[in-house]
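Both complexes below contain chain A, partnered by chain B and then by chain C.
Let's look at the complex of A and B:
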């Protein structure tokens, strides 16, 4: 899986050089979209960490993503008291994540007295309050509804204070590497950002995986399955839930932080808003609720769909427009030409098809891609796949 | 039957900032008048909040389903109602005729969306009753995504921009409603009176539905104890279908009411806005409680108008004040009394 992610940019570049290029451009996600997969995937994982493993739907999870993103941007602009402007990104990222973890403790301490729909609603309420505050807070920038931008240098992922071991990220401001290790491979800024973000995401994935496989993680699952029994056995479930929520908020903020470093600007609608949580929810359900890697597959799926349907890097709409004969394009369809229909109903309309797929998943594949796959195989893919392959080899 | 030329119709939006509020300075009588005006506006806003929230609480009360498609249906209602008015009402249509057309549109939209809601319940929600409530939230949320995107596609194809408000329906509001009327010595915008009238109408209709009809009896009994109702031989599944349909229809009625309101107006963004505000009202009042929704709508409406007044007079310079206050009300209510003002403790399993 990780190897697949690591080799993808090279394979994509190679494919673009072949005659299959138009189709590859139309149906494979571009590297810019793969970067989005990384940070939204990490955010979805952090959402799944609390919602999928303890069963408490955190509808205000965007609050942590936004905290991480805003903290990084404000710290880079020297607007956070006590932190000088030039502090390395890795340190501000960690600090922002700690702040978000503390915020999760505060929100959780009152929210975990409730369960079910009420828990979802109170976390949503908190996130909306913060969203409205940030939207109107003049300190952030002169136009707070539009958000803030990083005014200084590029932010670097790596070892702080060691220039050789850190890489600047960003689509325009990032570093590009030429002739990597003398192998004759050039990496563009986007690809470098992709790998730099990838390192952070993989690190976070293993950290969360470790927590979930520890006794602590078993208690989280016990809370999901039967909280009263877990309490009866003697676990202080309230404290466990609170700790899990703080960890989840921490990683959610890391996702927000790397997003802010890559995009160099944050807006309330893209960070603190309800729909940010909703996106994580959708990808988590499609990928597999209660499986840590599932959300990444879900994000890959949804972002892939979005890339295929958008024209930014050549998608289905472009392919249709170029591939179909003119008389077909001008054919009448309820008073509008087919071309206009393609432009409006296909181009950038991913949420529609995503909504349909999402409803179908909820109805027929409630365990998501990875959950269903594991049910079929009878265990995690990594453990069961060799057996299956061995069976077919005979 | 293209709508494109109508999109450019002259916008007739009443000024959002109340000139009366700016004049209200000093003097006990003036202070009293301002208070009365703010209260009247609050009740007007409360009527709107009630109309958009009542369907949500009805559905939750009986079925325990939190309908996330509620806002999307309200958005569709606003557009459909606007469509009817734009098609029928011309420059020469009289005031009374316009209001008559408004009511016809209201009835028409209600009928269509009630049928659609019932169909949705049978086709999509019925198969997943035995799963955890999370899946009903997810399913209705998915439906809301689809409705929203289809609306965007239709609007773009017809040349009406999706995001900004569609001005044409607001242009059909009769001039009488745009003025002010003297009431107890204060000038109250007539639109608010109209909204209060519609809100009262909806409240009475829902109340009659709950207390005078057989289905109302099922709902009230079912929200107390669904299993017992089933044991008494009542087909709860059929009642679910009817109630979900009516709840959806009421959402659309709320949408039609928003169509003439300059603060809202038909726009795709209504989908999320209506949903979030309806949640606040329903949670504060108590999930599943009709009286609670009525009282909570009044509280939220008055809180909204007071904070709006505080901002427009410059006492508070924070622009997001009224939104922050409304969501804070939600959070505070959930902390001190999770079941809401009139809610039953067991509902929703908190």
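Let's look at the complex of A and C:
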């Protein structure tokens, strides 16, 4: 999985140099989309961490994403009291995540007095209150509804204060690497950002995975399965839920911070808004609840679909428009020309199809992609795959 | 004295489910609690384990008995996790397990709870804690489910789930074990196995047992306490209780009278007490 992500940009570049390029451009997500997959995937994982493992749907998760994103941007602009403007991104990222963790403790200490749908609603309420606050908080920028922008240098991922071990990220401001390790491989700014962000995301994935495999993670699952019994065998479940929520908020904020570093600007609608949480929910359901890695698959799926159906970098519509002869494009389909049909029903219509696919997933694949795969294999993919490969090799 | 209640009372609105119960249990005893439906037996357990807070009265618990190394503590207002850590563990009338986890994990996670700060070690892999697995495996052997260790719990037969109920309660290393109708719904052949398990467990634990099967109760108990409409109407060795007039009245005469003179009122009381029990036992009809 991780290897696949690591090799993807190289494979993608290689494919673009072959005759299959139009199809690769049309059907494979571009690297810019893959960067989006990384940070939204991490955010969805942090959502799954609390919602999939303790069973408490955190509908206000965008609050932590936004906290991380805004903290990084404000810190970069020197607007956070006590943090000078030039503080390395890795440090502000960590601090922002800690702030979000504390925010989760505050929100959780109230919300965990409730369960089920009431918990979901009260966390949503908190997030919306913060959203409205941020939207009208003049300190953030002169036009808070539009959000804030990093005004200074590019933000770097790596070891703080060691330039050689840091990489600037950002679509326009990032570093590009020429002749990597003398291998003659050139990496564009986007690809460098992709790898730099990828390191952070993979690091967070392993950290969450470690926690879920610890005794603490088992208590989280026990709470999901039967909270009453978990209490009866001696767990102070309130404290466990609170700690899990804080950890989840921490990683949600890392995702937000990474997003902010890459995009260099944050807006309330892209961070604190409840649809940000909804995206995480949808990708988590498609990828598989309670699987941690599943949400990344789900994000890959939804982002891939969006890329294929948009014209920003290739996509089906472009392929059809350029690839089909003119007489086919103008052919009459029930009174509409095919070109018009492509323009209206394919180009940029990802949300429509995503909606249909989402409904189908909920109905027929309730365990999501990874959950179903694990059920079929009878264990996690990493553990079971070697057995299956061995069987086919014989 | 292992456990002592004084004037323990629980009211739900206008209904008194447990009414001024003075009860004491010696370490090592197997005491059964019997009584007609709605007598307040499960409510009594819920008070002891902190699921419900008493309206009145107090509960004291001395984990190692009187004069033992551990001092007696007042657990009147303790929460369920606190009473569990103090040493009181229970099984449920309606199966109340972790349904999608393996049988082994059900017991293991319960064993983990009683091992202090282990559960907060976020950075350690759970497989490092071999002692949790060892304890869980030993308990599975004791309750006869060693072969089902990897089975998903919801796929067990009803009888096996009833045994696992006791296993999960045992995993907390209880000083006092509260068993709420361990034979509920078990087939007549299966009952013998459960009874054998109860006798085995009672050999090294203090046990309180709620049970409807009076013959079985007479066999296994050191002592029997009878609840009727929340009141303790008899308490003593099985043979004394069997001959007790108040008990006969509650079980036989009580029903006769209920249908005539005060039928309406009594039925209402039963329903309310049952309602409280259902809410605490996780739903479903008793």
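Quick notes on this one:
Throughout what follows, the second predicted complex is superposed on the first by the 381 of 394 C-alpha atoms of A that agree within 3 Å, B and C clash if a C-alpha of one lies under 4 Å from a C-alpha of the other, contacts with A are read in each partner's own complex, and residues count from 1 in each chain.
Everything that follows uses one rule, which is that contacts are C-beta pairs under 8 Å (C-beta built on N, C-alpha and C of every residue); 3 or more make two chains touch, one makes a residue touch a chain.
Computed from a prediction, not measured in an experiment: that's the story for all the values here.
On the shared subunit chain A, the superposed partners chain B and chain C are arranged side by side without overlap. Applying the stated contact rule after C-alpha superposition, one finds that A:226 touches chain C and leaves chain B untouched.
Of the two partner chains placed by superposition, only chain C is touched by A:236; chain B is not.
Using the contact criterion defined above for the overlaid structures, shared-chain residue A:378 touches neither chain B nor chain C, since it reaches no partner. Contacts of A:203 after superposition on the shared chain: neither chain B nor chain C is touched. Legend: residue contacts after superposition of the two complexes on their common chain; A:114 is shown touching chain B, with no touch to chain C.
Of the two partner chains placed around the shared chain by superposition, chain C is the only one that A:211 touches, whereas chain B remains out of contact.
Applying the stated contact rule after C-alpha superposition, one finds that A:358 touches chain B and leaves chain C untouched. A count of residues in chain A touched by chain B and by chain C gives the higher number to B. Of all Cα pairs spanning chain B and chain C in the superposition, the closest are 10 Å apart.
Those residues of chain C that touch chain A in the shared complex are 49, 51, 79-81, 84-85, 89-90, 92, 96-101, 105, 108-110, 112-114, 118-127, 129, 132, 168, 171-172, 282.
The residues of chain A lying in touch with chain C in their complex are 210-211, 213-219, 221-222, 225-226, 228-237, 240, 243, 247. Contacts from chain B toward chain A in the complex involve residues 2, 66, 124, 127-128, 131, 133-135, 137-139, 141-146, 148-150, 152-153, 156-157, 272, 276, 279-280, 283, 287, 318-321, 323-324, 327-328, 330-331, 334-335, 338, 348-350. Listing the residues of chain A that touch chain B in their complex gives 57, 110, 113-122, 124-126, 128-129, 132-133, 135-136, 274-275, 278, 281-282, 285, 335-336, 340-341, 344-345, 349, 351-352, 354-356, 358-359, 362-363, 366.
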